[in-house]
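Next up, some structures in structure tokens.
Here subunit A shows up in two complexes: once beside subunit B, once beside subunit C.
And then the complex of A and B:
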């Protein structure tokens, strides 16, 4: 899985989706896979490539979602402007968090990120006059591309596909560029990287800020797609964990990993919820147990994540064939 | 004209003075050994020169430009590279990628950096290990890797911390030869070393530290016979 062909196949299949499939339920699944994949990829910029594990990325996602929703409802501005404002705000907060990462390492940094998202949750859910508090904000539907009032799910697939491919290219850049190599060095051993002239502090801060901005972009699009922003969802630790989990399961620090991880999680969750989540079956909530078990199995057998795991299988096969 | 100048460097950790008013100059092309028993302040001095510690008093300068107060990455870009006593390879990266990180400090071109890294690996005798992960290397190979990585930053002064420390006896001559070759190539080196036989064989000049102070500075045969140096290493009973 060293080359880019698996990614080409993945994104080509996603692009073919709306051509082949008309079913709204399946298209919705595809949109969510791409959107969660892009968000996990944004997380991966900080968590994977810079080695700064965050469990507070919902903060940036929520900033994006709220920016789009509030600018739309309060001032009638386009969600695209909201998306930009959200990205700028997230960049600013990302810088703050980035500087914190130089004081707080490892678990302490993780705790700081959780606290950070919780603070934003409290602000969003208590500041009734501005954010509508814990009731959340219904995003007004105004038809048109500029207002992102789109009912055709095929257009949504196209929008999130562009975002997903952009995120993949960002990761590819981090894989192959000078800055990417330097960031890998910082992740492996910050002091050794410093001793070799790598501006570790600046790189880490830049990576976290970029990761934050990209996460906010996802948040803004998500708010517009779903049509409702609930502070207890968009700022939740659950959501932060989902981003991290998708990237970790798929293969942390690999470009395609977050997308495969998101595909796995979203599919599993949607399927289990539809199969066992119905009221009256007496099995409400059992999907969570199956979901958890599946994750444990994954971590047991492919601890490095899907991409490295599949990569190993592919490499082993031809060797076994020629050896016999 | 000295290339590297250490003047009046003092560093305290709480009540302990790790370095007290240490001064010496290094000329271009010199190979200076720094010796001293455990706790004499050698490592602290290294950390100060490379920018990881900031001294309480005094300063270090390279070619007249002040290094003290700059961050370690800045110090490296100005031309002072170092290795670590406790080796710190980027374990999860390949050997060639390790060296590339150093090379990328001097070039923006990734392909150029990779070619340069291969060249240096060849020079330190690790050409065949290029694609292996750094974590699979032996201690001796890791020392060579650190050397290649530091050289890739094209230093004007190279600080080596315990080149032969923790390495099996058979690997020592090769490493010593490598240091000699670098010196012969015109590189200025500052070498911390425990192994007295090694240091007296390669160094032109030796600076001896004891309890944070400089107690001797001069030619190897003079310094190793210095009364205070012998006393510091072996105790008063051995002073003749």
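And then the complex of A and C:
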């Protein structure tokens, strides 16, 4: 398909990673890039394509992580079932959020999503009898693919790569299908879209629900990979901002943007953690200072993100032999 | 019902502080049409300012308050010039992410400077209480309330009667017409931002003797301010005052009835309820939320 070669190159490089590299540290970085990229892409379905900027997506990520962890520790069920349950729960919550906040725009929608994720944070951290409260849940390691107890990082690369490519295809669908065009019409001018017979409410709610479900899938896989679920991390506003940040840096509403953004952020974070991690935890804040600054600078000078920005520069260059 | 006086007094004290935080937020929104997602971080900086002055210079927080006023105002003005001015006419999304970026930036500057540990401003009058009939009040809370009410009243008087206040209200009503009338809206925005930041920064200094300080402390307070500001109608200053009292009442009565652990859920559910049922707030104009202005 036209215009997808950068993505093909990106995913091919990612697939080549485990073949070429054996170093666990680098493979870990690759897994995180793909996983955060997929999560940012899931955010992008609502934030980019439907134009519903959410800073509460950590709620869905946390639902996925908690479903996988709790079903595993309480009833010994497979994390794959937990992943499915998390996705279904997130879909339900996404539908509710989408319907309830349908009228809200811009900052109002953002506030509603923050409040929503905070409610889930409080429930997860205070409902001690069920969720183990603020201590969090250590996810038990049970060897095998069905229980996702995998030590070989190459297998993990394969799992998150499948997820990442799936997310990319979802975004590509939203970019090129009739539904996608309708959604773009709703995003740009809802009243005009409605007057042309586009089912605006249904499309927006569906986009939010799908975005929620996909985010929960990432959350479930993340819980299994990292092995520990901390409510103050998985439901935090910081995490929600992180999803949005990757999509914005790379290019909001573009299929490859979230992955590029996640690659940048994760590389910087991993590098600075390795570089400063031993000296003092306070210095960890440095990479977040860089993120904050990058976000401010980015939305000011290139609000459409890196992918369209690079695209414009490539197109402006005169093509050799074009006769002009 | 011997607890009723205590509940009422606690509500009023808490509401006074919330009002000062909320009033700055709603002022910035009313005039600039920007929801300041970094509002809580200015509160946090105010608290750290008090902590620093106390730990390093042995300055009493209330002395710091007077001395630091120009400093907080200057910092607010600087943050407007460097961060907000370029995006003042940009889209909502750009403005949202600019203030979110500012919030991340300030939070982590604090993290690097002061670490993530909770810090305390332990004054000598830390545990002094005042008895008022059946109710018991903490002295620091009483002072914080008094100063907060004073500042809020001063801001209201300024907005109501001063020429600059009128100019700000005119800009809030219609910025295009205001600039046609010869109002330098750029200066109004800078002033509004700096005044809003000063309000919340002062609230931070006042809260320092009562609550521990850590880099993300702003979030818990600013969430309450968002609830109050939306309940009162975004941009409506009188509404924000009344709503602050309502939110404080929900918090105080909620902690008494169902315990402190779950009180946040109450006002967050109240918040979601308002956003769903009447996003324009108690007194706001219907439909504002749909235009997003």
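By our rule, the second predicted complex is superposed on the first by the 293 of 324 C-alpha atoms of A that agree within 3 Å, B and C clash if a C-alpha of one lies under 4 Å from a C-alpha of the other, contacts with A are read in each partner's own complex, and residues count from 1 in each chain.
In the analysis below, contacts are C-beta pairs under 8 Å (C-beta built on N, C-alpha and C of every residue); 3 or more make two chains touch, one makes a residue touch a chain.
Since the structure is predicted, the reported quantities are computational estimates derived from the model, not experimental observations.
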Subunit B versus subunit C as contact partner of A:88, first or second or both or neither
neither
With both structures placed on chain A, which of the two partners, subunit B or subunit C, ends up touching more residues of subunit A?
C
Using the touch definition from the top, say if A:198 reaches subunit B (first), subunit C (second), both or neither.
first
On the A-aligned overlay, A:177 touches which partner chain: subunit B = first, subunit C = second, or both, or neither?
first
Would you sort A:112 into first (subunit B), second (subunit C), both or neither based on which partner it touches?
second
Considering only touches as defined above, state whether A:286 meets subunit B (first), subunit C (second), both or neither.
second
Contact residues on subunit A for subunit B in the complex?
176-178, 181-182, 184-185, 188-189, 191-201
Footprint of subunit A on subunit B - complex, ascending
50, 52, 71-73, 76-77, 81-82, 84, 88-93, 97, 100-102, 104-105, 108-110, 113, 149-150, 152-153
In their complex, what parts of subunit C are in touch with subunit A?
35, 37, 83, 86-87, 90-94, 96-98, 100-109, 111-116, 215, 219, 223, 226-227, 230, 234, 261-262, 264-265, 268-269, 271-272, 275-276, 279, 289-292
Subunit C partner contacts - residues on subunit A that touch it in the complex
53, 55, 100-101, 103-108, 110-112, 114-116, 118-119, 122-123, 126, 237-238, 241, 244, 248, 252, 280-286, 288-289, 291-296, 299-300, 303
